[in-house]
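What follows is a set of structures to go through.
In the two assemblies presented below, chain A is common to both, partnered first by chain B and then by chain C.
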Partner chain A sequence: MTTTTASPLPFAPFQQAALPGADLPWLADLRRAGRDRFAALGLPTPRNEAWKFTTLRPLEKLSFAPVPADAPAVPVDAIPAVAADSHRLVFVDGRFRPDLSRRQGLPAGVTLLSLGEALSTVPAQVEAMLGRTAAVDGHALLALNAAYLADGVLLHVAKGVTVDRPIELVFLAAGGSADAPLAWHPRLLLALEDNAEATLVEQHLGRDGAVYLSNVAAEVVAGPGARLHHYKLQEEGRDAFHLATLTTRLGRDATYDSFVLNLGARLARHEARSLLDGTGITCRVSGAYAIAGSQHSDITTLIDHAHPHCTSREVVKGVIGGQGRAVFQGKIIVRPDAQKTDGYQLNRALLLSDTAEIDSKPELEIYADDVKCSHGATAGELDDDQLFYLRARGLPLEQARALLVAAFLDEAVDEVVSEPVREHFRSRIHAVLERR
Partner chain B sequence: MPLIEIKNLHASVDGKEILKGIDLTIDAGEVHAIMGPNGSGKSTLSYVLAGRDGYEVTDGSVTFAGVDLLALEPEERAAAGLFLAFQYPVEIPGVSNTTFLKEALNAIRKTRGEPALDAMQFLKLIRAKAKDLSMTDEMIKRAVNVGFSGGEKKRNEALQMAVLQPKLAILDETDSGLDIDALRIVAEGVNALRSPERAMLVITHYQRLLDYIVPDVVHVLAHGRIQRTGGKELALELEAKGYAEFGADEAA
Partner chain C sequence: MAATEQTIDQVRELTEGKYKYGFFTDIESEMAPKGLSEDIVRFISAKKGEPDWLLDWRLRAYRHWLTMAEPDWGKLHYPPIDYQDAYYYAAPKVKEKPKSLDEVDPELLKTYEKLGIPLKEQAILAGVEGAGDMPAVAVDAVFDSVSVATTFKKKLEEKGIIFCSISEAIQTHPELVRQYLGTVVPYSDNYFATLNSAVFTDGSFVYIPKGVRCPMELSTYFRINAKNTGQFERTLIIADEGSYVSYLEGCTAPQRDENQLHAAVVELVALNDATIKYSTVQNWYPGDENGKGGIYNFVTKRAACRGKNSKVSWTQVETGSAITWKYPSCILQGDNSVGEFYSVAITNNMQQADTGTKMIHIGKNTRSTIVSKGISAGKAQNTYRGLVRILPKAEGARNYTQCDSLLIGDKCGAHTVPYIESKNRSARIEHEATTAKISEDQLFYCRQRGLAEEDAVSLIVNGFCKEVLKELPMEFAVEAQKLVAISLEGSVG
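Then we have the complex of A and B:
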C-alpha cells in the first residue's frame, strides 16, 4: 500500500512505502496516527506554556524534505570518538551506516541494532518498545517523529549484564542547504533490564552552512537497580535545528546519570522528562551550553518524583555571547507519596554581552511534606575583580575573558561522572571557544 | 633616570577625592616603604598605579621606566614590569595556578618579543620558585587562591612575583594575615628579588615587616598625601608613637 499525503506543515509529504518496516501494519498505523496528530497540533507556538521562550517560527519559513532512501552514501572521514574501543553506531543524515559502525565484542545479552535492522530482524521487540515512555498526547514533536519514523537505535541490555565499553551513537549531518533543507527524525529505544549497566554517548555533529532539522525522540527505560550513564554532545552546524525529546522511566533503585552539552545549532532544544517510578532512585539531569552569535539553546526538564526516598540532582550552567539566547526550564514535581525526596537544582548563566539573554524558569511543585528540595538560579557577567587580577598579571583583556569563560564551563562539566567523556566534552568546549 | 616618578597625583573613587597630590620618586635598586593609618589611601595608590577601573586620576602624572604609565592598560603595565601584590588576592575557581601563571608569563614574554616557554620549561621554573617559598606541588596545581589560607594567598603572590620578575614590585600589606614563619619566608622571597635593576614599594601598616625587608626610604601617607619622608628609623618612631600626629585616631 502506498500512501502519499499532502504535508500539513513545512515537511514534504512522505512515502510510507519507501520507509523501513512499511509492511508492518502496526507501524503503518503508528506513522499515520503520528501524521494525523501532527497535522492537528501543528508546530508548538509560544502560546503553549512549555514553548513560551523558544519559537519555531524560523522552521515554518523552510520546506524540509526527507533524505531520499536511494541517496548515495556520503563519504565520511574522521569520526570523533570518546574512546578508541567504544561500540559505535553511526548515522549520516539520519541513515544508518553499517560501514562506519562497529559492534565487535558486545557482551551476551546485549542487543544493539539500528532501527532499520531491528524492524527486519526483531519487529516484535520494536513494537514492544516503541511508545513505551513517549506517549504522543499533545506533543507535536513526538507526533512528527512518529510520522516520519525511519531509522534510529534499539539498545537492549538483559538483566544483570554490564556493558564495559561506552556505546556511542553518532549522528552526522552532511547534506541539506538553504534551498533544499533536509529533516530526519531518529528514534532511540533504549532499555536496561534489572541491574544492567551501560554508558551511552550521543554525538550530534554537523557542518556550518548545512540546513537541516534533526528531530530526535529518545525513550529510555531503566529497570530496577539498573545503572545508565547517558551523555549527549550537541554540536550541530550553526545553521541547523536540533530538537530532542527524551522520556525516561526509572525503576526502583535505578541510577540514571545524564548530561547534555549544547554547543552547536542555530536553534537547539533538549527536553528531558524523567519519571522516577520506584523508591531509592538516583537521577542526575545536568547540562551545559556555550552559545554565541544568534544561537538559541533551550534545556527544558521535568523530574517527576512519584515515590519515596529518591534523589535528583540538576546542575545546568552556560555561557551566552553575542545575541545568543538561552532558555532553562526546570520543573520538579514531588508527588504526595514521595516523602524523603532529596532534590537539588542549580542554574547559572554567564552573560558575555549586553545583547545576550537568558530565560530561566525553575518550577518546584511539592505535594509531600517531608522532603529536602533546594534550587537556585543566577545570571551575571564576568567578575571584574577576577578580570583585573588576571590583567594585572599581564593577560590581555580578551585572553583573561577567555580563560574565565573556559573555567566556568570546565566546572560545569564536572557534573559528568565518566572521566573520558568529561575530557572529551572539555576538549570540544575549548575547540568551539577557540573558533569563536 | 628614576624608575618611577609620581608627580602631584590626585585620584578619586566614586567622585570622592582619595589621593590629594602624591609626589614620590623611586630609583632602581631602592626599597621604599609607605606606612599610614587605615583608610589613608595606600591601597588606592597601589590600584591607581596598577590601572584598576573606577579609580579616576584627576591630576598629576606617573612616569615609569620612561613611559607615561597612566596611558597604559593594566596588562601593558604588567608587561612594562610593574607588579602589584594584592592586599586581598582574588580567588579564581576553575583556573589552576600553573595555567594562570604560564599564560601570564608567556603573555608578558610575547610583548617583549621573547619566545614562549613550553609546558616543561615552565613547570621546571615554577617548581623551583615554589620550593623557595615552601609551597607544595599540590598548591601550585590548585585553582588560583581557592581554598588558600590568608598566609598561603600571600605566599602565592610572592610566587607570582618571583616568576614574573618585575622591575617594580608594589607589596600591599603583604604582611597582613601572615604568622611569623610565613612572614620570614615571604620576606626572603622578596629580598631574593632585590637587585640594582629593581625597586620595591612596600606598603604596610606595621613596622614588623620592615625588620625583614629593610627599606632605604620610609614615607608616611595620611589624608591622601605623603606627610613625612625619612630613613628606616622613621618606621621605628611610628611604631612607638602611632599615627596620632598625622591626625589618625588609632595607634599603630
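Then we have the complex of A and C:
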C-alpha cells in the first residue's frame, strides 16, 4: 500500500471553470473522485512493490504553476514528422493546437478529435470511454490524471475501417522552468472497432532545461479482429518528468503491436497493462531505451492472458551510461483457462559506465498447464570479443564501442513493424548517441 | 539391495503412495507450558543452562519480534497462525543425558531405524563401499526440541572437527558460538528468524578447523513428533580456512490433522578457501489431499562467503510441507567466492511453496549459479522468488540463473519472480526461465515402451530434475529420486 499524504496536491490549483467540459456533471464527478482518490493515495513510494525501483520523491519538491493562458508561438516545421502525409494532432504544454495540426482526408468512420473538441461535440462518446478501460483503483497516477484532466485525444475507428496513413500525436513542451514548473495530464482515448486498423505514433518532445511533468493516461480498446500499431517516442527534455499509464483491452483475434522508445526525460516511466480479453490475440509490447547522465528510465508491463490461444511477445533492450538507472518490470499472467498460451519475454541491458544501474524483474504467474512461457534477462557490458574484433580491424576503442552500442539499439528497434517509424526511431537514437 | 529388490520396493512405494513417515512414536516427553512469553524464553534458556549473554540475546530477539509483523509478500495463503497455541519446548524424557549411544532410549533408536536413519556407527548404506575409506555418515538426530544422539563424534574429534548439537556447543565451545551466532542471520533479520532467535531449542553445530577436509558426510535428521509443537532449530556451520565439509539435512513429521510450525535458521560461514556443501531433503508431512494438516515451513538459511575463494553450495529437494517459505542465500563477500543454489521444489495437492535464493555479490570476481526446478501438480502453487544483486565493487561478477517450471494438471500454478539488480558494468548476469508441461510425445514414447503412466511421469520428472539431483551426495540422490516419484503420486490420470 502506498503511504497516505494528507498534504494538498503538489500541483497547480484546481481550476474547475477553466477546464474543458466544466459544464458536464459526470465529468465534474470524475474529476472530484480522482482528486479525492489521489489525496488519499499520495504519490507512490518505493514501499509499493510496483514502485520498488522508481522513486517520485524529486517530484514532491516541485510546486507546479498553472500553464500560462497565452499559447507560445511554435513554428510548424519545428515539429518532426514521422511521415509527410500523416494525420497529426499537436499539443503544446498539454493544450491542443489546431494551428499546428492536420486532419485532411480522414476516411469515413474515423473520429479524430482533441478531448476538448470531443467534450463539446460528442460528450456522450467521451463519457462512454473515459475511465472505462483504466480503472483508478489504487493507481495514484490515474487518479491524478483524472483530477486534472484537461485535454487529450479521442480516436474512434468504426468497424472494418482501415486508416492507411499513420496518425501522429505530438506532445511538445515549450514552457516550464525550475522556478515555475508546469504539469499536464493528457488523456488518450483510443478505440478500434471490429476489424478496424490504424497506426498510431506518439511523440513526446521537450527541450533540456525545461522543468515539467507530463502525466499521460491512455485507454486503448481494440475490438475483435482489430489491428492497432501503437508506437511511442519519448524524447522529453532532460529535466522533465514523464509518467505514462497505458491500459489496453484487446478483443478476440485482435492484434496489438506496440513499441516504446525512451530517450529523454530526467525520470520516465512507461507502464503498459494489456488485458487479452478473447481468444487468438497477438500482443506485442516491446521497447528500447538509451539513457545517460542521471536519467531514469522505467518500463513496467503487465500482459494478462485471460483466454486460450493467445500469443504475447515482449522484447525490451537498452543501454545505460553515466549515473543512469534503468528499470524493467515485466509480468505475464496466464489465467486458469488460458490454455495454449505462448508467452515470450526478453530483457537485455548494456551497462556503459561504472555508475550505471539496471534493475530487472521479469515475472511469470501461470495457472494453466498447457502453455509455453519463457523469459530471459541479461545484463552486462559490451562484449570483449566483439570489441577486439573491431579493434583488430583498426577501429579506435571509442569508435568500436559507439558502433556496438548503436548496433545493439538498432537491433532492439527491429521489433517495430512499421518501416517509416522504425527508420525515424533509428535516426533519433543515432542523434541522441551522437550528442552524448 | 539388489536391483530387482529395489525395483519391487519402489513399485510398492509408488502403489501405496502414502506418506510413509507419518507414524507417531509414543514416547514420554517433557513440555514447556503452551504459549509464548518472556517466561517461556527464560524457561528454554534455563532448561539448557545457557550463559547470560545468550539469554539476553534471546530476550532482545523476543522483544523485537513483538514489534514485527508477519511477512505477507509470499504467494502463500494460510489462516493466521496463533503463536500462543503451540508448545515451544518438547523433549523426550530422559533421566540423565545418555553418555553413549547404548544409553539412548530404544524407542528413539527404533524411530530413527524406521525412518531409515540407523544411529549406529557402522557403514550405513549398502552399495557405497569403495566410495571412500570411510563409507559412513555421521548423524545428529534432533527429536522435537532436542538433539538425542550424535554419532561418530570420537572419530571426528581426532581431526579436530566439532560436530554436536548446538546446546552442547554452547556449553563446550561458547567462544565459537558467541563469535559466530547471529552474524549471518541477525536476530532482527525477519519475523520468523527473530522468532527462532528467541525460542530456538536445538540444532547442529559444526566447526571444521583450518585445512581439514571432513572425512565423512555430516548429517542432521530432524523429526517433529510431539503434537502441537513448533520446531525451532538453529544450525551453525563454520568452515575455517581451507576446509571442506558436506552436510546433509533431512526432515519428517507424523501425519496429523492440524498444522505445525517449523521455523529454522541455518547460518553458514566459509572463511578463506573453505567450501561448504549443504544438501537438504525436506520431507515434512505435506498435509492430505484436501490440504488438511501439514507443516508450515518458514526457514531462513543464509551463508556468508567471508573468505577469498570460499564456496557455498546449497542443494535442496523440497517435497514436503503444506507451506514452504525458504530462500537459502549466499552473501559473496570474499573475492572470487562462489555461491550455488540447486533446487527442486515439488508441490502436489494443496501444497504451496514460495522458495528461491538470494545471491548478493560484494567481492570481486564472485560467481553464482542458480538452477531451480519447480514442479506443480494437483491444486498446488509453486513460486520461485530470487534475487541477484551486484554491488558496485563486485568487479567481474558473474551470475547464471535458470528457472524451469513444470505443470502437471490444469488446477495448479507455477510462478517466477526474479529480481535482478546490477550496479557494476563488468558484471554479467544471465537469467532464463521457462514454463511447460510434460509433453504428450514424451509420455507417449514411454507408454509405448510399456511404462505405466505414473512411472512415465516419474521418469520424465526425474529427468527434468536431473541437473539438480546430480548435485546431491549419492546416498541422498537415490532417496530423492524415489521421493520425486512418491510426491507426484496421484497427479496424473
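Simple rule for what comes next: the second predicted complex is superposed on the first by the 418 of 436 C-alpha atoms of A that agree within 3 Å, B and C clash if a C-alpha of one lies under 4 Å from a C-alpha of the other, contacts with A are read in each partner's own complex, and residues count from 1 in each chain.
The working rule: a contact is a pair of C-beta atoms (placed from the backbone, for glycine too) under 8 Å apart; a residue touches a chain by one contact, two chains touch by 3 or more.
The model shown is predicted, which means the values in this text are computed figures rather than measured ones.
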Label the relationship between chain B and chain C on chain A in the superposed model as either fit or clash. fit
Going by the contact rule set out at the top, does A:408 touch chain B (first), chain C (second), both, or neither? first
So in the superposed three-chain picture, is A:380 touching just chain B, just chain C, both, or none of them (first/second/both/neither)? second
After lining up the shared chain so the two structures overlap, which partner does A:361 touch, if you call chain B first and chain C second: first, second, both or neither? second
Kindly classify A:423 by the partners it touches after superposition: chain B alone (first), chain C alone (second), both, or neither? neither
Looking at the overlay, does A:49 come into contact with chain B only (first), chain C only (second), both, or neither? second
With both complexes overlaid on chain A, does A:393 touch chain B (first), chain C (second), both or neither? first
Centroid geometry (CA): angle chain B/chain A/chain C, rounded to a multiple of 10 degrees: 70
After the superposition on A, what does A:23 contact: first (chain B), second (chain C), both or neither? neither
In this superposed model, does chain C or chain B come into contact with more residues of chain A? C
By the touch definition at the top of the document, which applies to A:60: first (chain B), second (chain C), both, or neither? neither
Smallest separation in angstrom, by C-alpha atoms, between chain B and chain C in the superposition: 14
Over in the complex, which chain C residues touch chain A? Could you list them? 73, 392, 405, 407-437
Quick one: which bits of chain A touch chain C in the complex? Just the residue numbers, please. 49, 53, 336, 339, 349, 351-381
Residue ranges of chain A touching chain B (in the complex, touch as defined): 384-386, 388-397, 399-400, 403-404, 406-408, 410-411
Residue ranges of chain B touching chain A (in the complex, touch as defined): 50-53, 73-75, 77-79, 83-84, 86, 89-90, 92-95, 99-101, 103-105, 107-108, 111, 160, 164
